[in-house]
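The block underneath contains the structure these notes are about, expressed in structure tokens.
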Amino acid sequence: MIEFSGDYSEGAHPRLLNRLVETNMEQTFGYGRDRYCAEAVKTIRKACQNDDVDVHMVVGGTLANTIAIAAALRPHQGVIAPVSAHINVQETGSIEAAGHKILTIPGENGKITAAQIDKVCEEYLENNGNVHVVQPKMVCLTHATEYGTIYGRKELQVISDVCRKRDLYLYIDGARIGYGVAAVDSDMDLPFIAKCCDVFCIGGSKQGAFFGEAVVVKNKYIADGFRQVMKQRGGLLAKGRLLGIQFHELLVDGLYFELSRHANKMAASIRGCLQANGIKFFVENTTNLLFPILPDNLYGELSKKYSLTYCGRHDDKSSIVRIATSWATTERNVQLLNSDISAIMQR
Amino acid sequence: MIEFSGDYSEGAHPRLLNRLVETNMEQTFGYGRDRYCAEAVKTIRKACQNDDVDVHMVVGGTLANTIAIAAALRPHQGVIAPVSAHINVQETGSIEAAGHKILTIPGENGKITAAQIDKVCEEYLENNGNVHVVQPKMVCLTHATEYGTIYGRKELQVISDVCRKRDLYLYIDGARIGYGVAAVDSDMDLPFIAKCCDVFCIGGSKQGAFFGEAVVVKNKYIADGFRQVMKQRGGLLAKGRLLGIQFHELLVDGLYFELSRHANKMAASIRGCLQANGIKFFVENTTNLLFPILPDNLYGELSKKYSLTYCGRHDDKSSIVRIATSWATTERNVQLLNSDISAIMQR
Amino acid sequence: MIEFSGDYSEGAHPRLLNRLVETNMEQTFGYGRDRYCAEAVKTIRKACQNDDVDVHMVVGGTLANTIAIAAALRPHQGVIAPVSAHINVQETGSIEAAGHKILTIPGENGKITAAQIDKVCEEYLENNGNVHVVQPKMVCLTHATEYGTIYGRKELQVISDVCRKRDLYLYIDGARIGYGVAAVDSDMDLPFIAKCCDVFCIGGSKQGAFFGEAVVVKNKYIADGFRQVMKQRGGLLAKGRLLGIQFHELLVDGLYFELSRHANKMAASIRGCLQANGIKFFVENTTNLLFPILPDNLYGELSKKYSLTYCGRHDDKSSIVRIATSWATTERNVQLLNSDISAIMQR
Amino acid sequence: MIEFSGDYSEGAHPRLLNRLVETNMEQTFGYGRDRYCAEAVKTIRKACQNDDVDVHMVVGGTLANTIAIAAALRPHQGVIAPVSAHINVQETGSIEAAGHKILTIPGENGKITAAQIDKVCEEYLENNGNVHVVQPKMVCLTHATEYGTIYGRKELQVISDVCRKRDLYLYIDGARIGYGVAAVDSDMDLPFIAKCCDVFCIGGSKQGAFFGEAVVVKNKYIADGFRQVMKQRGGLLAKGRLLGIQFHELLVDGLYFELSRHANKMAASIRGCLQANGIKFFVENTTNLLFPILPDNLYGELSKKYSLTYCGRHDDKSSIVRIATSWATTERNVQLLNSDISAIMQR
């Protein structure tokens, strides 16, 4: 089987792996107090063009999201997110287990708007003196979203503005932030994201690392005690340098976005082939996750050879399927897939 | 500086690293649903001589402890542990953050006894109809303990018996379980531990892996939903195979205990040297953590060249210091340390 | 201002108050270990025709709901409830603060169906091996609902059946259970509810008591440790007899349902008047909460003299308003309201 | 049986009960938004000589303590308290269930000192960069303590000073604050307490009310969102006026302290009798809780007629017993007890 089911099917990018091998027998302090973590922090600050942010690295996305939200919110406060948010549907109630309600709003293709956020706050202020309901205090966006869509600068700016106006923290779950920034139609970059957010994360696990998310914390209230919340929730890796080494390598010279562009390009090739064969998409996007509506025979045939992710029935003749590419997706595998698609469709 | 401050100063044992390199570009499913994890589960079951246990692998010790305890306890139930337990003093309140009180009892050199556990339960039953106090429902031991001491079979058996009698789950935090089992004066092994416990973990992070703890779950109530609790608390690694590969390699042919024996042997060499130079110990033990009481001049001199862990003042002329060895400790570094100790002491 | 804004505007029914006065200087044990609580437990068991249930009394509805749910669920489990459920929209995230996700389903007039519950469970079983999502383990209905609607025996029976089939606990938030049972078109009674549920509460605060909800616990797993969860969450009243005295008096000879019938009758009178004057309703029901759609002039005029609850705009000429009656609503006040409605509408 | 087992054996003081009867059929808004609560807030501010504090009333002590602490602390922060604190030993792990570790220090007769608090903070700062341990952020004292002892002004002032210096919130659990303030050797008053604390509560349940604790919140961070935390934890009483009416009545003209003085006086009479008969005390104090060491024959005889609280064996011939008086303790019952004590001892 050839894997197109996720962007975490292989190990780490060889450059990262090599650095882990080279440094393996070096001795360092534990828990992130080593030179490699210090170096990675510098590198990430530089990539964000902001020397005043705190940077912490944790092993995975659920940890990054839960820690960022738990560190920010008081007990009566909740986080606004689209229904489709990873924290709402793919993390087994981690935010609720940390004590907080997710104030869901219907997204469109995984995205939400400043107007929707504003409305939640307006309704809160009008509601019964605010005592019987949770206070909206944070917004959680995903970029690129779970549907592979992206926010533009203007969109993010107005969301950031409404957050400032409404006294909300803005958090971006950036598990796939590279794919989003590197999309051909994107005008986003890390410095702009850092400017707009209180806290966000830069995903490694789905973007070329063995594992790891770098959490960039700009807000001083959230930053205070952040490492303690990390430790309390199991997010402080003993051999922290494994994270430092990988993140430095990914971000020091643009490898991160180069890998993202590669994945997006591989996805574009598949997208083009599907479109050329008349396949429609459940969601239009320009990043590494495709959501084609596959006729049953095509899906059935492809499934014998390729691992894809089933998302749901579309109608009585077709299903919505997720095809994911990554830094590791080879042109050869994409060509195989494309020629199989064409062959099946043109029978 | 030469590191003796912890047992997690280097990366992974070369055999583990090699396997990670060899398998790096293979494609597998995520979240532990891969062949390497399946293989590791088999290997661990075999090492425990129990095919009926569930085995789950998480990244770190705080995650292992918190997940095992959170999966076991209802809201009004607490966990009995010695004051010195890692969960009580080194994990930033992770158990309390999961909602549970730690019912501490004074340990002796990190160990607790069946009689102490029994007494906590007796007092609970006598207390005001039990309503105003937390129900003791679990016991958490560490093996080897935070002071490097170990339990013998008889001790563990009577603790297990009192747990059965009192309807308590028995959990062993095995972050250093290899060092404990491999101690020269130990009669313990994994099958016996598996027989006595409801759940325990086999530590990787401090025992030769990049990271990872394998949680062995025998109790069916705790096992039910365990992976969901793992995911909820951020303990389900996306590229789960990294854990499977490492644990299989560690346990398939005894490498794990070989490394533990090496570390214990290195510690024994340092212990012998210290004793020969008249140094007393805060705690007597036979594993990889030494707690010598170092005179100020010796500690001062050694600190210029070696990284040690300060534990506290002993009297006005000496301090308690922790010296740790590991799989990676070289004979050469031990000889250097020993000859420096002797030289300073014999001035 | 004449109160129609809630069913908790006055103190306690005089019979309850008299008993509190009569017994005031008697000495009893605290925390529910007194003869009055014992008597109330017997009375409630008799009213439920079930001697095998545990009965616990707490001060308020949020406590009753949170304790029942916290006592039932493990960390990875959630509770299915309609979007309109009190626990979802009126209790400031209490369930999430206790660590659990509410798995909301769209209700119809506050009610949900067995088919909807079944579907949630079906989707759960199909979802990605169930690991990344919360396990549905409990259903929370409200009866009468927040919209004053009620379930019939057949509806509740099929919901109970699906809960048994899907291994879900069934909980009924009965803050207004009397109004529901006493509705003219109701075929429900407490014994049938006790037969169908694992746990439910009988509301006092909105049904004639100063305060108090009696939680009836049939399920043995939930019952075990229930009083400890109560104490932990602040639900164990020191002078517990205040609850026992009130609940005994309410339920010993049918006063509870007599008061409910009175409230429903008062509501019916207002409903009839509104209908006669051509007013439509947002929700049709037969209990003590009315949701008429009031034209702006009518609402404006009434608001000068009567306290009503604004629920939202209906269109540019009218609003949805809640009118509540209770045991304490006088015929005189209803006649005043009715004649004012007719006078304003017939101008 | 004559009750001396607690200070909550009777109902409410007749003046409070009368006011509840008089106001019973009045209509008010719910959830504390009524004139009686507004009046009580004014009365309590006046009693504290501070118009700038927020005042909230909840039903019981566990709710008051949990809400005050949950509203104050972030996830990685804990509360310093003596081992004997009610929150540590009598509330079924409520603070841990809210996510926070209690950082216990050994008390002396229920009291702790500024030096002990300072030491906890000093050790925290020295501990491993503070990451692996909980941050001490609050101090919880009880006044009068669980052993009936009291703090003097100077003691409280230096504790308050060290809290300011160490950036700790100071909370006083005042379930028995009246008994403490009204003790014959006390120089404390409510304004001084309000000056020293960030938040404290004035107990009603053990001091003459049916139920209720008034939480006085001076700190603006804790005050923000306090009512939402109250609602979330079930602490917002629907018929809030019941609390307002009682607290106004207790505090408007000094009834509260008059009742406290009465209880203390009744205790002094019993204390004098015990001393005259050669009985020693486990703890010396001047408030309403006595802890005599009763010889077995005396304890055995008294137990036939009086309800006392057993606290533990003292030696093989005597037990420590708690005798409690309250506003409702009659001189007649005290005389009966005293003459029985003398008669038994002088046989």
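Each chain carries a letter (A, B, C and D) given by its place in the written order, and its residues are counted from 1.
Convention: a contact is a pair of C-beta atoms (placed from the backbone, for glycine too) under 8 Å apart; a residue touches a chain by one contact, two chains touch by 3 or more.
Fair warning: this is a prediction, and the values are worked out from it, not measured in the lab.
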Subject >> For chain A and chain B, chains touching each >> reply: C, D
Subject >> Most distant chain from chain B by Cα centroid >> reply: C
**OP:** Please work out the Cα centroid separation of chain A and chain D, and write it as a whole number of Å.
**Re:** 50
Original post:
Approximately how many whole Å separate the CA-defined centres of chain C and chain D?
Top reply: 34
Original post:
Between chain B and chain D, what's the gap in Å when you average each chain's C-alpha atoms?
Top reply: 42
**OP:** Could you list the positions in chain D whose residues touch two or more of the other chains?
**Re:** 75-76, 91-93, 97, 99, 131-134, 228-229, 231-232, 236
**OP:** Please give the residue numbers of chain B that touch chain C in the complex, ascending.
**Re:** 31, 33, 70-71, 74-77, 98-99, 129-135, 225, 227-232, 236
**OP:** In the complex, go through chain B and note every residue touching chain A.
**Re:** 1-3, 5-6, 8-12, 14, 17, 20-21, 23-30, 58-63, 66, 91-94, 97, 205-206, 210-211, 228-229, 231-239, 242, 307, 328
Original post:
Mind pulling up the chain B residues that touch chain D in the complex?
Top reply: 75-76, 78, 89-93, 95-97, 99-101, 131-134
